[in-house]
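What follows is chain A paired twice: with chain B in the first complex and chain C in the second.
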Partner chain A sequence: MLPRFWRKIKYRYDLVGSYCENCQSFFYPPRNLCPHCRRRSKIKEVPFNGKGKVLSYTVVHDAPEEYKDEKPYVIALIELENGVKVLSQLVCDPKEVEIGMEVKKAFRKYGEDGASGIIYYGTKFVPASHF
Partner chain B sequence: MKVGIVSYGTYIPIYRIKVEEIARVWGESAEAIKSGLGIYQKSVPDVDEDTATISVEAAREAVYRANIDPKDIGAIYVGSESHPYAVKPTATIVGEALGVGNDFFSADLEFACKAGTAGMQMCIGFVKSGMIRYGLAIGADTSQSKPGDALEYSAAAGGAAFVIGKDPIAVIEETYSFTSDTPDFWRRELQPYPSHGGRFTGLPAYFRHVTSAARGLMEKTGLNAQDFDYAVFHQPNAKFPVRVAKMLGFTNEQIKPGLLVPYIGNTYSGSSILGLAAILDVAKPGDRILLVSFGSGAGSDAFSIIVTDTIENFERNPSVWDKIEKGVFIDYGMYLKHRGKIRM
Partner chain C sequence: MHKVAIIGVGCSKFGEMWDSGFRDIVISAGVEALEDAGLEGKEIEAMFVGNMSGGRYLAQEHIAALIADYAGLAEFNIPSTRVEAADASGGLALRQAYMAVASGVHDIVIAAGAEKVTDVGNPMDIMISSIDKEWEGFVGATLPALYAIIAKLHMEKYGTKEEDLALVSVKNHKNGALNPKAQFRKEITIETALNSTYVAEPLKLFDCAPISDGAAVVVLASEEVARKYTDTPVYIEACSQASDYLAIQNRKDILTMNSVVVAAKQAYKQAKIETKDIDVAEVHDSFTIAEILAYEDLGFVKKGEGAKLIREGVTELHGDLPVNTSGGLKACGHAIGATGVRQAVEIVLQLRGDAGKRQVNAEKGLALNIGGTGATAIVTIFSR
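Let's turn to the complex of A and B:
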């Protein structure tokens, strides 16, 4: 788990994705090759601004052991302002979430390898109305 | 050369618990605690928040408002008494999350509640010497208290981040520190909760260090209390900063905008600098602000800060008071779960 997580840290800690200059498409997670342009891909790494809205969501009541203390929690399909869709935990009261709700990125803990292990951090989302 | 605060950002977790709710569980009088401490409620972090996440959020707001390239930040110092790791700096996590790159000076600082202002002083020195362009100083905490201890009414979570550099929104014209070996509050290695010297925390610790630092700064600058438009002191409760302000000749009007502790509790390393941020939210060009932090053990850092014209074009919304008013109240059971105090 540790080396795999560490290699992707930049893309988990922030919404750093990729952009194809040839067809103006954004990708997250980032890609090395544009699926539309293939050999004509002109890929550049870019940070996204982290604002978006909820397209769909589900409330998880039956959580895996390591997320038991967060249940019930919301997993949402979020469309960012640049059109990229991401699936992420949306940290809020399940009663608060609705389709179309404006959200923004937040830096949160994903979990940890027990009390003496590494702590995993990354990007989640919160309602835009939470400062 | 004018060096000072180029930008600032703050973060206060959205959850709150009322004094009444804590007092209910422990069979104490909420009224007596509210009138004794001057605290009505405090902030509580979410289950997935800690000092690193609070530091990143405050720093992101500061860098966004500064409108600078994160790669121009040459130093990151995070001051806290609740770093997530005993060994592995919070500053490394902040640097990665902000996209600062790899060439920056960095360390975690620890001096109870004044570690954030200590970081500001280090950044001022680096910028003045020309070694860096911008420095990022953060003070953040998710302070812990033993369930049932008096500290449980005040120990809160929050943080503030300051970008230090040239062409500032507020010039730091002078800084002065007062330090001594005073055992008022401590935590030994591997202990989950701090210990405190009871009555010893008042006169020989807080009041002696805050007044000595403030007076030392005023002597160095030739200023007196009337020369300042605002003052902000470390806020372990609402009684101490109000009393120390009076001792130093400041009025309640001068300290009011920065007195946050009644509504969010003591945010430790975030305390005095969140108060400073709340003052900067409303300050006008030419205003002079006195900031005095306090860290147990013990020491105080005093600063004289003059707001410049640059602040008029600086983004100050959402304000600190906007964030304070956003609270969502939780009960004591949820509070214990949020603070990881339930053993499973």
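Let's turn to the complex of A and C:
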């Protein structure tokens, strides 16, 4: 897991995605090839402002081993202002979340690789009303 | 292209089979299929095996050779190939076998599917590898969590209710009770389903198929060869496969599985039939919402109207379009790589009139096998 995580840290610690200059489309997670333009892709990296709204969500009760301590937690499909969709944890009371709710990105801890392993940080979202 | 027939089917019992190993389960299904086809074994020219994760469920790779070996075929040295597309692996094996016969390369080919999940690995963690591990799994998403996100939006947009999802489970348990191979052979009430604990809201325990041990085998032959072995061949009229974005965040509309829409369109076209010609279907109800989506994406109803079919009883065993007469993944059990082949077994039994207490009147059948959240779909159309 470590090298796979480390390699993409730039895109996880802040919300950095891809933009195709040929067709003006945004992507997250980042891609090397635009699925609309393929060989004609002109991909560059762009940071997203991280403002969006909840398109749909779930409250996870049956969690994988590494997330057992966090449950119940909210996972939401968020639509950013530029139309890109991002799957992320939402930091709030599960009772608070609703479809259409405005949210903003935040830098948060996701987990750790055992007691002496690395800590996984990444982007989560927080209700805009909490800021 | 050669016309392809199924001349024999076999299926192990599905469930938590603590007393049986991977080899035992596969051989029980294989022997049944060969007996059904009236084959000795040496007539088999090739084999395709659907298996999602022998490496993690059993710490055993090289599954295809292992199965050919324990099926008693080692000395015939036939080509045996494993294919993988998460829980659509069985559908892939069926399609590879179909193409091998249709192309004229082989005359008699085995399509097998098998999974043993109760030995080594953690089934939930392994199923997460069928979604995008780096970008969906990382944030704590599970397979049920992603289907729950889809279900939540379907409810918001189309008014589908938790009760509708529960009805899918009730129906499939009712059918499973009539299937001697099924994992769960007990009817349930809608209250049982609705009162079960949440796995990922709005999906509850009874909205989720189990992860099971099991194997299924079908024997395919060209039409000319099939006549030598059986008077009741079931023909494969089409077998189409399609893919889509792996992660749901990249799909334009998470309420439509484009892989299913595309595979179904191709299959209907090749079989020269319309949706209304289908008499019986096995669809991939890994989660109850997936069965509702299947009704829509296969064109049984318009997008958003899936719940109507279950509310009105259309897909019940004796409804106009029985769906998951086997009990589906929910009640028959979901032996991951075996499921796609197991669905074919059920449709063949129905079309031959061999489905016992769950028999329906059918001439044309359809099977839909899905990998993960729909990044792979296989639609197969059968006729008698």
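The criterion applied here is as follows: the second predicted complex is superposed on the first by the 131 of 131 C-alpha atoms of A that agree within 3 Å, B and C clash if a C-alpha of one lies under 4 Å from a C-alpha of the other, contacts with A are read in each partner's own complex, and residues count from 1 in each chain.
Methods note: contacts are C-beta pairs under 8 Å (C-beta built on N, C-alpha and C of every residue); 3 or more make two chains touch, one makes a residue touch a chain.
Because the structure is a prediction, the values reported are computed rather than measured.
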{"item": "Combined model on chain A where chain B meets chain C, clash or fit", "value": "fit"}
{"item": "Chain A residues touched - chain C or chain B, whichever exceeds", "value": "C"}
{"item": "Partner chain in contact with A:29 - chain B first, chain C second, else both or neither", "value": "second"}
{"item": "First, second, both or neither for A:64, with chain B first and chain C second", "value": "second"}
{"item": "Chain B versus chain C as contact partner of A:99, first or second or both or neither", "value": "second"}
{"item": "Partner chain in contact with A:85 - chain B first, chain C second, else both or neither", "value": "second"}
{"item": "Partner chain in contact with A:46 - chain B first, chain C second, else both or neither", "value": "neither"}
{"item": "After the two structures are overlaid on chain A, angle v-u-w for chain B, chain A, chain C in degrees (C-alpha centres, nearest 10)", "value": "150"}
{"item": "Touched partner set for A:37, first chain B, second chain C, both or neither", "value": "neither"}
{"item": "Least C-alpha distance (whole Å) that remains between chain C and chain B when both complexes are overlaid", "value": "12"}
{"item": "Residues of chain A that lie at the interface with chain B and also at the interface with chain C", "value": "70, 110, 124"}
{"item": "Complex interface listing, chain A residues touching chain C", "value": "4-5, 8, 12, 27-29, 35, 55-65, 67, 70, 73, 75-77, 85-89, 94, 99, 110, 120, 122, 124"}
{"item": "In the complex with chain A, residue positions of chain C that touch it", "value": "122, 124-125, 128, 134-142, 144-145, 148-150, 152-153, 156, 197-203, 245, 247-250, 254"}
{"item": "Residues of chain A defined as touching chain B within the complex", "value": "9-10, 13-14, 16, 47, 69-70, 91, 93, 106-110, 119, 121, 124, 130-131"}
{"item": "Chain B residues touching chain A - in the complex, by the definition given at the top", "value": "12, 14, 46-50, 52-53, 56-57, 60, 84-85, 93, 96-99, 318, 322-323, 326, 328, 337"}
